[in-house]
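Below are two complexes that have chain A in common, paired first with chain B and then with chain C.
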Partner chain A sequence: MTIFSLLIKVSLRNLSLYRLRTGMIGGLIGFGAWLAIIGMSLLRDIETSMRTSITESIAGDLQVYSGKAKDELALFGGGFMGRADIGALDDFSVVQKVALNHPNVAAFIPLGLEMAMIGRGNEMDDLVTSLRASLASGDQGLIAERLEQIRFQIEQLKNEQNIKKQVVVDQAEVDKNLEEIQKSLSPGFLQHLDEERLQFLEIKIAPLSGEKAPIYLAYFATDMELYKQNFSKFKVLEGEELPPGQRGLMLGRKVREEQLKNKVARLFDQLHKRVIMGGAKIAKDDEARRDSQDLVRQFDQIMSYLDRPEAEALSQQLATFGISGQTGDLDLIHKLTSQVKSFLEVTDENLPVRYQWFYSNIAPKIKLYELSPGDTVVLRSYTKSGYIKSIPVKVYGVFGFDGLENAALAGGLSLLDLVTFRELYGQMTDASREELKAMREKVKVREISRSQAEDALFGGSSPVETAKQDAVNSETSPEEPLRAAPVLAASFGSEEVKKGLALSSALILKDFSKLQETAAELKEQFKQAQLDLRVVDWQKAAGTVGQFVNIVRGVLLFAIFIIFLVALVIINNSIVVSTFHRIKEIGTMRAIGAQRSFVLGMILIESGVSGLIGASLGSLVSWLMLVACQRWGIAAGNDFLTFLFSGPRLYPKIYWDILLVAPVAIGLIATIASLYAARFAANIAPIEAMQERE
Partner chain B sequence: MDEAVRLDQVAKIYPLGQTEVVALRNVSLTIRSGEFTTIAGPSGCGKSTLLNLIGCMDQPTSGEVYIETKPISTLKDRELTRLRLEKLGFIFQSFNLIPVLSVEQNIEFPLLIQGRHSAQERKKRVQKLIEEVDLVAQSHQRSHELSGGQRQRVAIARALVTSPRLVLADEPTANLDSATGTRIISLMKDINKHHGTTFIFSTHGPQVMEHASRIIRLKDGYVVS
Partner chain C sequence: MLTLKMAFRNILLARRRTLLLGLAIALVAALFLLLRIASTTLSERMIESATTLSTGHVNVAGFLKQRRKGSDPIVLGRAKLIDDVKELLPDAVRIIDRHRGWGRIIGPLSSMNTGINGIIYDQEQPFFGNLKMALENQYFEGGQEVSKGDFKKLIEPNTVLLFVAQAKKLGVQVGDTITIVTEASGGQSNTADLTVVAVAEDLGLMSNFNIYTSRETVLSLYRVAADTTGAVMIYLKDPADSFATMELLRSKLKDVKSYQMMEYDPKPFWLKFDKVSGEDWLGQKLDLTIWSDEIAFVVWITRALDLVALVVIFVLAIIIAGGMANAMWMSVRERTKEIGTMRAIGTPKSMIVSLFLQESVLLGVLSSTFGVILAILLVLGLNALQLPIHDNTARFFLMTHKLVFKIHIPSCLSTIVLFGVIAGLGALYPTLKAARLKPVDALMQGK
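Entry: the complex of A and B
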């Protein structure tokens, strides 16, 4: 037996003698260890999945942006149109050259993250637009088909207005609407369409079928070639890839599913996820109940896409399916409306069948997505100087990220070509310069420099001459109305995306572990090149979302700190109390020659051992829990967790460093925490051995 | 004979609320090596205080205690502890064994704290003392399995294991029946005779005093004789 084993033996005896205390301290420490291990492990999982979904979608490892930025770069932060002002890189190729000089920089990809509005007409607007197109083509069959669709829609509007009449106070308004509907349905109106009648449909009738809120589309613009080379997770899911050198838009899968999908289909999807996949009950689950109630109200999201033959067919199919709707002598619209409404009344039992039935029978008849590959869409955006710029672009395809199917961040963005972005941003591109030149030709505007502006306005020469010039201008205007038809070419030179404006740039590193050093070195390099730039890591670049993990970690550490504070008080208190019971024993040890340090060591070993046992148990429990979670996954109970987990379930990894270091560190902290109590015990006088009190 | 302990004008005053209790009043005495001395007197006469001062567990209010001619008032806690470990042995009224340890381990304890003996040396010393105090059969038992007399024999062995020059015993027989008490005193006497160890013990039992080679009588803090 050595002195150390003696210490251990005495300490262990005391631990078993004061079992309650040992259990309490051990339990507390164990709980702390459990919290630390589980928390740290999950945080690391979340951080990893977040990092992958941020860095491998658009952010890269580092982001470079202008030093003149008023706000900090927040790739996934920002609100709607009020995006952060992060300045701009007037010509990114200069920055690129400097950055690529750094040995650890593998690639430099220019980016422009912005928002654009997609204005949306309602279905009636779309129909009139396609009617105009068919009129222009002169295809009589097509014209007849469009006219039938329009008539059917107007009949639906008439029904709606009649129902509205029974409930609204402003009868005059409804009467006026009905009168206009009646006019459009009057015999011959649709047969002999002229411009005036078409405009009547557009201005008076179409607005009756409701306005749709514009969609705000968050997008990133980039050099397609460079982007594809460096972000291998990018994957085309539908349609085709945006070809380099072409104007065009690719929709993010998540954007399309969540913002551009038919409302009925979307509600069915959500219910499918929660009720069929997630096992929730409509009656008990708030979200599922809300969705199911909303579903019934969205019947017109089916109705307004149907023409008469489709409506007849659907009514038949629904009757065969077992939904005959209201009985009685009803016209098609009334009958189908009641059928659709009762079809949309879903319960836990009928949902699986109706979900299937909707996708196989109704979905093919309606427009499932507002935008699909092949469509052209007008993007509108406020330029830097404040006016609205509208540019039509073709939708090439839908994309996603391999393995990041559920990552909310990356999936929320669409992709635009760099040149169109620059125009929306308000920058002159080669194409827009051409366009401007063409417009100037038309309206005969002279290029006037600032120094000559005064002369030009008030006339430097004789007033007669000016009047004459005015006359020339006014002569041309009425005859030839200003037509700012876009001269924008669909493609642009590949040179244009190799330099010029970008808002920020993604840097891919060769060695990710040197992230911070590389960032610092790049800053220095830029400074030497006299470039005023900021370099931030992916986490900072992601904005509040990227900082989230740090915030959660802070909260977790604080919670652990509090637990240890409580543990510290309890440990000290219980050791002091138990020391009172052992005054004579400790006094005896001191009397027969044990130094204070011996007593100190004895108490520290006691708390150290109980701490270590508790922490090991906590560690063991954590390990078992992690193993179980690895097998079954942790379900994300709500959207926030789904976002954090980057998916519906999190399958945590087991980090041995955390599992092993945490209990040792915690046991050590417990030991150090009992220093006060140990000093108290060490100060027991040897004379206490002589006291006769039992 | 050498001087083992010398007290020079030692006084000990304990504060008690507003007043003071004088436990020892200017006690001067010398105990030589190899003496088998008992300190006798009624309860509260200062016996324990005297032993505590000699045992370096307490400091006098005035005067000086010399252990082998060395004054102890100049020593720090560490040095006093070292002195107790190396030169002194203690036997307590209520035995004060360490409950978790066996007979052997209790006896070995001071050697382990000294930390300079080999395992073999420790075992040899412990075995010899176990035989001497006649506890071979009980050597692996814990203290709560032993009788009072057996416990006190363990305590004696523990006090002697470091071969101290001076053994202090505070009422070693108080918690024992008289027959056992007598046997304990005889054992101590034997050791005193064979090893030359100086013993100072306090008692108020007359039959114990018979064995003493010298009796110091205390009364109200004075040495009476």
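Entry: the complex of A and C
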């Protein structure tokens, strides 16, 4: 029997002898292993999902932008509202050429990240347009219906003006409006419509109904072909892909779902997510309760989209569904309103059924989304100097990213063609310079300085003189809707997107692991080519959001570190304390000939083995938990977690390296932590054993 | 008293063990306190900058639906509303009102979107008191190291107060003019030129999103009548009363003063436009919120931090309790004979229990006191250094430009109490076990 096997035997005997201590140390280490494995696995999951949703949507691995930038590039938002000033790459093809020379750069994709407002049109305008269409068709029933709608709208406008009168300074203006409304409501006015009266409705009445509050749309513009080749997760969900060489817009799925969807549908979606998927109860959960109360108040978001036949059909269907409204109510609209309102009164019990019913029966009848493929929308944007420019573009489709359906970051952007972007940005093209020249000749008297030229051209609704007026109050006349003729035709040559202005560029690397080296080498290359550029990695490019990943990681690692530190102190402490207790025993062992190294080994093996057992148990438990989580997912209880998880549930992956390395590392650390105690024990002299307590 | 003396003596006797365990407890207590200090400092910074910049403790705001599909953050009948609020809340420290707007400001270098606050100079002394006029070289390269500008000039119309980050980005100094473009809900826009009369030091992230101009300027930008306001902001003696006060005010305004009220929705007002626009009513409704609702978009940062701190502390408490139990266990076993002797000479069980409990609680209290002192010294040291925060992201989340922490005596004391309790709880089981020993067994076992 060798010394070694004796050592093992003695150690194991001690372990079973001092079961409490073994259990205590093993338990602590097991807990530590569990914490480390779960924490690090989840952290890696979160980081991976964040990284994919950033790099594989727009950022690429590296981003290049102008060295003249005043702000740092922040693809997903920085510290201010509105655009960050990141300068511009006047001609990205120059940069492209240099960048592609680097052996590790696989692709170079020009980007223009910007914000635009969506003009949402004017309801009265739309009504008069459809009235004109019905007049042309000669369908008497249809004409009567449109007229009824218009009369209803005008009555509304009258109420609105009366409220406006309480707020505004200019009472005379409101009185004038009311007079005109009265004129259009006068007997016979709507019955005998001629061109003059139609124009009166369009010019005098329609503007009073105003436009809905604009929606802010964050978009990125790019070379569609190049983008598609390099961002393989991109996929068209509805409509068609933006064809190369065409002006157009593609909506991000998430933007459309969260900003452009009918409010009733959105509230149903929120309740579905929170109550049906998340397991909250309307009766108990404040947010779900508020959403359900809001749902009833938004009934008009269904009513206002129905025409008479649809309203009749819906009323019938609701009656069949079991909601018949007040009996004896003859007026259809009145009856349907009460039906819809009681349909929208959802409870924990009826929500699943009503959610389904809404989507199968009501949704097809209403305009579920404010914008759909095929629509044309007016994009408004502030040019660099702060004035508004408007351009109409066609919506081609809706897109998303494979596997990133719920990621907040990737879904938050829409896609625009590069040429339209350049105009919204306020870049002078050859065509616009021509137009400016013509414009100058037209207004020979007024000298337009270089800096104002752009505004004169792109100012759209805000003519230069408006901005230059000293008076506080200068208002765009409401008769002049925000409209600007496109400078270019609907299509453009494909070479337009191969060079020219971009704000930044995404670089895709062949070997991702050489990210930092490549960034440094590129910087050097650009310097040599006398290009003043900045190169940043995806995380830095993502702005606050990217840094956020760092902060989360920092906080988590710090927490794990602290817990570990304390656990180690406690482990060390308990081993030392237990060694005190065994002074006599160890002294005796030494007295009968055990070497110091034997005692040292004994204590180390003891803590090593109990550590190993604990750590194995800890990793076993973590593995079981991860398997369970993988099956059911971890619900994101709040918005913060939803953001971190890039979705409502996180399905953690099992990382075998963490699962194997973490327990070994922790067992090892525990053993090292017991070194102090072991050395202390090894130094016990045989004599002490005899003296200690008699 | 006797047991306490004995407990103390025992601690001193077992010096090595005491020292080890005590150090562990002290370290954890220090960490615990540091985490708490960090998290309270952050929430206080947040409440301070929020209540200075954009919200009262309780706000009486509202929406005016002039159009069925629209919503404006305007409240009619300003004078009566303020009188009513003053009558209903006689104890409020301060009641002021501001107009609310939204627009784009344009300077020579850049432009940005921002919230517009229309203020009445005479009401806003505490606001100006919380601001610090910036030195010219803070926002303008080559500027002098003097603060130019004068808050008083905000009395005049068409003047504006900016913050350093804004002035820097726009490229303006005191005396320059910026253009403001507002977007009214009808798709119309108005513009005005405003003279920059003061540039104040940043107040964390939220000062990026706000500018201040006179009430008259906002009135004329939106062309609304004088007897309107945006929000009546109420400041209380104790911000902790905000919610209760709001609830009281809500029921009184509704029942006694017959105002039309919106349901409580804890979100900032600018997230409610969409909702209100979709509702089917015209006219005026009041909307009451408390300060944390108006900054709900940043409050989650402190919530998340608190959550992490809570989890860490919970885990640490378990570990500490475990360590304590282990140490006491050892100590009980070591002293079995002593216990037996005490029992043999007639010491009651309860006294043994209280002796051991007192011993561990004393250890917990003494070491955590040491830890607390350590943490306080560390924080005082850090505060003395006045470390500037350079990283933008850290500024964004910490809402401050200098690393300065606040120490609250109650949280120091409660830390000590908490660790005493944890230590006591950890010692409970071994102690009970010790007390249950029969004197004769105890004496035998000790051999």
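Structure notes:
Following the convention adopted for this analysis, the second predicted complex is superposed on the first by the 491 of 694 C-alpha atoms of A that agree within 3 Å, B and C clash if a C-alpha of one lies under 4 Å from a C-alpha of the other, contacts with A are read in each partner's own complex, and residues count from 1 in each chain.
We take it that a contact is a pair of C-beta atoms (placed from the backbone, for glycine too) under 8 Å apart; a residue touches a chain by one contact, two chains touch by 3 or more.
None of these values were measured; they are calculated from a predicted model.
In the superposed pair of complexes, A:584 makes contact with chain B only, with no contact to chain C. Look at A:186: by the touch rule set out above, it reaches neither chain B nor chain C. Applying the stated contact rule after C-alpha superposition, one finds that A:569 touches chain C and leaves chain B untouched. Looking at the shared chain after the overlay, A:360 reaches neither chain B nor chain C. With both structures placed on the common chain, the touch criterion links A:3 to chain B but leaves chain C unconnected. Of the two partner chains, neither chain B nor chain C is touched by A:528. Number of chain A residues touched is higher for C, counting chain B against chain C. Of the two partner chains placed by superposition, only chain B is touched by A:598; chain C is not. In the superposition on chain A, A:685 contacts chain B only, with no contact to chain C. Shared contact residues of chain A, touching chain B in one structure and chain C in the other, are absent. Per the touch definition, chain B reaches chain A in the complex via residues 48, 51-52, 55, 57-58, 77-78, 81-82, 84-86, 89-90, 92-94, 96, 98-101, 105, 108-110, 112-115, 119, 158-159, 162, 170.
Within the complex, the chain C residues that touch chain A are 16-17, 20-21, 23-24, 27-28, 31, 64-72, 74, 76, 104, 106, 109-114, 157-158, 165, 169, 179, 181, 183, 185-193, 205, 208-209, 217, 219-221, 223-226, 228, 263, 265, 273-275, 277-280, 282-283, 300, 303-305, 308, 311-312, 315-316, 319-320, 322-323, 325-327, 329-330, 333-334, 391-393, 395-397.
The touching residues of chain A, when paired with chain B in their complex, are 1-3, 6, 9-10, 13-14, 584-585, 588-596, 598, 685-687, 689-690, 692, 694. Those residues of chain A lying in contact with chain C across their complex are 20-21, 24, 27-28, 31, 35, 70-72, 78-83, 85, 119, 122-123, 156, 159-160, 163-164, 166-170, 209-214, 263, 290, 293-294, 297-301, 303, 382, 384-386, 388, 461-462, 466-467, 469-470, 472-476, 478, 481-482, 544, 547-548, 550-551, 555-556, 559, 562-563, 565-567, 569-570, 572-574, 576-578, 580-581, 638-640.
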